[in-house]
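Lettered A, B, C and D in written order, each chain numbered from 1.
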Amino acid sequence: MSSEFGKILRVSVFGQSHGPAIGIVMQNVPAGEVIDEAELLAFMGRRKAKGVLSTLRHEDDIPLFLSGMIHWQTCGSPLCAILENKDAQSKDYEALKEVPRPSHADYVAYKKWGKHTDMRGGGHFSGRLTAPLCIGGGVAKQILARRGVFVGAHLASVAGIEDEPFGLYPTQELFSEVAQKHFPTIDDASGERMQHAIKEAAADKDSVGGVIECAAIGMPAGLGAPMFEGIENKLAAAIFGIPAVKGIEFGSGFESARQRGSGHNDPIILDEQKNITMEKNDAGGINGGITNGMPIRFNVAFKPTPSINKPQKSVHLASLEETELVIHGRHDPCIAHRAVPVVEAVAALVLLDVILEHNHGHQ
Amino acid sequence: MSSEFGKILRVSVFGQSHGPAIGIVMQNVPAGEVIDEAELLAFMGRRKAKGVLSTLRHEDDIPLFLSGMIHWQTCGSPLCAILENKDAQSKDYEALKEVPRPSHADYVAYKKWGKHTDMRGGGHFSGRLTAPLCIGGGVAKQILARRGVFVGAHLASVAGIEDEPFGLYPTQELFSEVAQKHFPTIDDASGERMQHAIKEAAADKDSVGGVIECAAIGMPAGLGAPMFEGIENKLAAAIFGIPAVKGIEFGSGFESARQRGSGHNDPIILDEQKNITMEKNDAGGINGGITNGMPIRFNVAFKPTPSINKPQKSVHLASLEETELVIHGRHDPCIAHRAVPVVEAVAALVLLDVILEHNHGHQ
Amino acid sequence: MSSEFGKILRVSVFGQSHGPAIGIVMQNVPAGEVIDEAELLAFMGRRKAKGVLSTLRHEDDIPLFLSGMIHWQTCGSPLCAILENKDAQSKDYEALKEVPRPSHADYVAYKKWGKHTDMRGGGHFSGRLTAPLCIGGGVAKQILARRGVFVGAHLASVAGIEDEPFGLYPTQELFSEVAQKHFPTIDDASGERMQHAIKEAAADKDSVGGVIECAAIGMPAGLGAPMFEGIENKLAAAIFGIPAVKGIEFGSGFESARQRGSGHNDPIILDEQKNITMEKNDAGGINGGITNGMPIRFNVAFKPTPSINKPQKSVHLASLEETELVIHGRHDPCIAHRAVPVVEAVAALVLLDVILEHNHGHQ
Amino acid sequence: MSSEFGKILRVSVFGQSHGPAIGIVMQNVPAGEVIDEAELLAFMGRRKAKGVLSTLRHEDDIPLFLSGMIHWQTCGSPLCAILENKDAQSKDYEALKEVPRPSHADYVAYKKWGKHTDMRGGGHFSGRLTAPLCIGGGVAKQILARRGVFVGAHLASVAGIEDEPFGLYPTQELFSEVAQKHFPTIDDASGERMQHAIKEAAADKDSVGGVIECAAIGMPAGLGAPMFEGIENKLAAAIFGIPAVKGIEFGSGFESARQRGSGHNDPIILDEQKNITMEKNDAGGINGGITNGMPIRFNVAFKPTPSINKPQKSVHLASLEETELVIHGRHDPCIAHRAVPVVEAVAALVLLDVILEHNHGHQ
């Protein structure tokens, strides 16, 4: 079990949902980077619980930097930031220890760690662990922006209701615009319909899934590697670290399996400044694991929240008897909308790692 | 650029399409494993070129073991196996050096390595590099089978034409049956239609993509890890190492984004032997990055072969002038059907690594 | 810069001498391990400052476990423990920012990170960072003990004054006995003379170095690997992570370069229980990178504390003028005696990692 | 068991002494590097057997590049080079399978891999595996030289007979001069006495050990890292991968444990060009794991060859009876002199990795 990733920018996440604190350690953050506190807090605010659409658990989530940062400037030594857990209500979860919740990690944690595991509130598997990722990702986004790289995401669909796609050339302005919205869609009417679907599911004691589209602009061509350390490999490996992710596709993704080569291939042309570029972007900005200079573009599938208030079949771990489980406690009827900044955060961490690997010591 | 993966079972791939040889080094293969030569060659035979459906390049692909294997038994020290390149026809490719082929790695290799890169026949990016992966995967499959784990795959779709799915409980027998077919589908009628579509595309000087469904049975529950070293993370990271892969999804994958929790969640029940299991498998055998004892199940999207015989737009790298490129030489109108054993091979390498990590020293 | 090591047991250290807190994250600590608080605190107490022999800086160093531990039992998820910095007196160090201290890391940190680095009190290079290593090592020692492996160390020499060596078969009792002493030598008379030498050096505004002998008993034969992941490689890589270490040797070490084979080779014999063993241990318990069942034995050379109160030559970084530097502030006239538990801690972390790699999932 | 090291420049070694071939794979060698064949072969020639001082086994050791190199220029894709084993005389070693040779890896290999291990001629533990390291190191030395970094080594002592040390500022010319000698000492008279001692040991059916001093000049200040990824950590971890190494020390090393701070500390001064430098180099060019711009300097202790022709005590593995073993076959009465280029090779590989990590993509 290693809650770590990265080659140069090593990221290590720790904590349990109901432990004293959760946090992140990042090794090899470049020195001398000024971090804007307000911008970081605004970014973290985007993953917070949102009224009826979300859990009732509320945490301030003000990061406390234990190391690596002096007066909001990085100093080169490993950066550690933590968030205290204040609003944990463990009694709601006591009963779960005996009866695993379907499609949660309760059963597998029991198989892996035995009865010693801490599954209060989902333990280390909790969506709460995405908060420290957002600290790290928020820092990475600011460092990337200074290098001309911008990462954005929006909710491409919820319960089958689709938003507009980013299109061929998403802009920094579009990323900002979506980031400032209460509900992260490009088209507000689609967003309204998605919110309605989420509330409907909540009213039915049920939950819904969604898809997030993420893009990064400004990555120079030629970064990455063939085979196992390509951009797709690294992004996929990290993105599956976000709880509830069940799929990832780059560019035209699964649709490309239905395309012909003449339709899928991106013609190579010159832009107005006579630089080499592509006429379209079915590759999602990546060929052979390496950036081609077009925007990086990928979709991430989130399953519906496994916690629902309907009765579900399960088995009592000690008595090995089948039983019916009703989950109480607080939970989100949809997590995809809160996961939008998390996908951005993880993408930013991976892309900063790639940039540092290819350009280390030159910040 | 690291053409490597794995934690305990470290896999390193080397070679260029038109270099003297290609090969694989595997560190930490357990000692004392007897490898059946005929079975290994049969497995490797499954990725070979197949008549009109494939390239005309033909290689014997008899692996030569340089180390780690004595009289077809592993000895513990690093295993190296190579394949000589005999049927390389580099002259067909000379011209490509100047004009990158759309949606190939030519342009990105040029950006990464400059003019020194060896892109004859795709160089290190070539699908030919999947042959050494099949040596390693073929060895891994035999070691896994001895531990009760079996990996199988089939062509789930080509050009939108769908095969039957594996279903809830794929068997070792079903895996064998598909493996022995000339064209790797469960339903032969679907296979016929796919082959027809491939031939049609070839006749149109075009190519088609496809989806491969892969499954693994026999993996015990409790293997893997939360967050970044889970089974999904590792499989995704390695599978994107296969050329032309553009997406991966586990269990109900992208479909899960359209499901409700009550439909997606897999009820926990007892089987006839009173063991804990799940009633269905939308999770694809993995919760929270950890195996739950159900079959592991995932789909991989392959884009259409980027080499097509139609004229395509490109740019001359030296003169920076737009031009029209016509690719000659040999290439597959579809690679998805040849990639079926490659997906199995990579999955077997990853799963053996997971098993060795959790049970090292006990072989 | 990665303040990390380990393959299965991943250790990540963070913090600066004068930052808010320092700490350690350990991934893959086995679940269900009961940790004795008093034993852990006693272990950490051994590296604390000791009267006139040491710096006057005093820290409570009560570890605060943020994750991975519930009611002093490990739960499987990543373990994070921190120590607050309370007695940091940064004003003593302000001046050092401009003029690097000879044989400290001031100059190299400036070259690596520029003026943004935090070198107050040595920053991330400070010996203070060995305190979190002792938390991790103290936990590892308890887990190892439960598996029959014991690690001990003593001060083999200071300023050329030598202690008795551990001898062929050091025992758990001998380890305990030394651990409980105020000054960690086997022979008290030697210890007295060493302390006298340290005080003498302090009186001369100078400092002294020393050698630590470390041993581990109970490691089964057959663990480790040839070439680059052997026990010696791993121990050496980690031990050089302790500030002020300048050399490491295993078994007869540098002396072996003066031996003949007939004198160095360890004859293979049967012990009284008819088990294979060796008649002596010039190999230090390791052949070809792999444990041979004899005690693991190695020596570590510590240079004298670079902080001395004598005037020293240095250069002003901004004006590039040569100058004379006098270091004020608190510092140890010898660090070797305080480093004894640190060497044990690092050795315990490495050996636990080796055991987990070879026997993972079987705790 | 991973015969691998490196972060960016990943090195993987494979092969057994009496297998078909041995070799090396290097990932991330910069593209476009011209390699001088004669220089590489001359470098490899330095580790070859030398008359009466060495084993009678003779191998051509002409490296065959399977990938990564076209017309003696690197192309960016993984480099693989192999050496065929031609002069293996396995029958000499058959008997050893049953009775382990003292202070060889026979017994530990048996414990680790069981009876399946290939220990003919030492198997994967053989000094023969240092030949592929010399291919890699020879390539790395040429790439380093183009960046102004030079690595050299000499035999500092054999059987207690000492050569002159490199001194404060070893030069590229001194490195070349030693490299061209038949016996690698700075002072020829010392070399004569060492050779005499080796022959004397051989006549006594015995063997002797030695110390190698290695230095690197031209490394810029500021490369490396505090704690666990420092230059000392990386060099030590890799150097212990050379068979028979039992100790490593940097700068004044174990002697520093006997020094006072005022004697050990290297005063910081300005050189004639007003650049910051140190007046002496007890640090061996490294403070806090990071290069300080002075030459990197370290000593490596080699034990005497464990193969001697005198009768030795051992135990029959199957019958578990004590026995007397007499080793026949060919072996070196001293390996230290042949190991001089091997130490250079490993140092060059590590230092190139460090440079690539800090300056990747800028070659």
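Quick notes
The rule is short, and it goes like this: a residue touches a chain if its C-beta (ideal position, glycine included) is under 8 Å from a C-beta of that chain, and two chains touch if they have at least 3 such contacts.
Note that the structure is a prediction, hence the values are computed from the model and not measured.
Two chain pairs are in question, A-D and A-B; the one with more C-beta pairs in contact is A-B. Among the remaining chains, A is positioned farthest from subunit D, on the basis of C-alpha centroids. Between the CA-based centres of subunit A and subunit D the separation comes to 45 Å, rounded to the whole angstrom. For the pair subunit B and subunit D, the distance between mean C-alpha positions equals 38 Å.
Subunit A and subunit B have CA centres that are 27 Å apart. In subunit C, the residues that touch at least two other chains are 1-4, 13, 77, 109, 112, 124, 223, 226. Interface residues of subunit D facing subunit A in the complex, by the touch rule stated above, are 7-8, 77, 222-223, 226, 357-362.
By the touch criterion given at the top, residues 1-4, 10, 12-16, 19-23, 25, 27-28, 31-32, 64-68, 70, 73-80, 82, 109, 112-118, 123-124 of subunit B touch subunit D in their complex.
Of all residues in subunit B, only 1-5, 13, 100, 102-105, 107-109, 111-112, 124-125, 129, 157-160, 201, 204, 206-211, 221-230, 232-234, 236-238, 240-241, 243, 245-254, 256-270, 274, 276, 278-279, 282-284, 287-293, 299, 301-308, 310, 312-315, 317, 320, 322, 336 touch subunit A in the complex they form.
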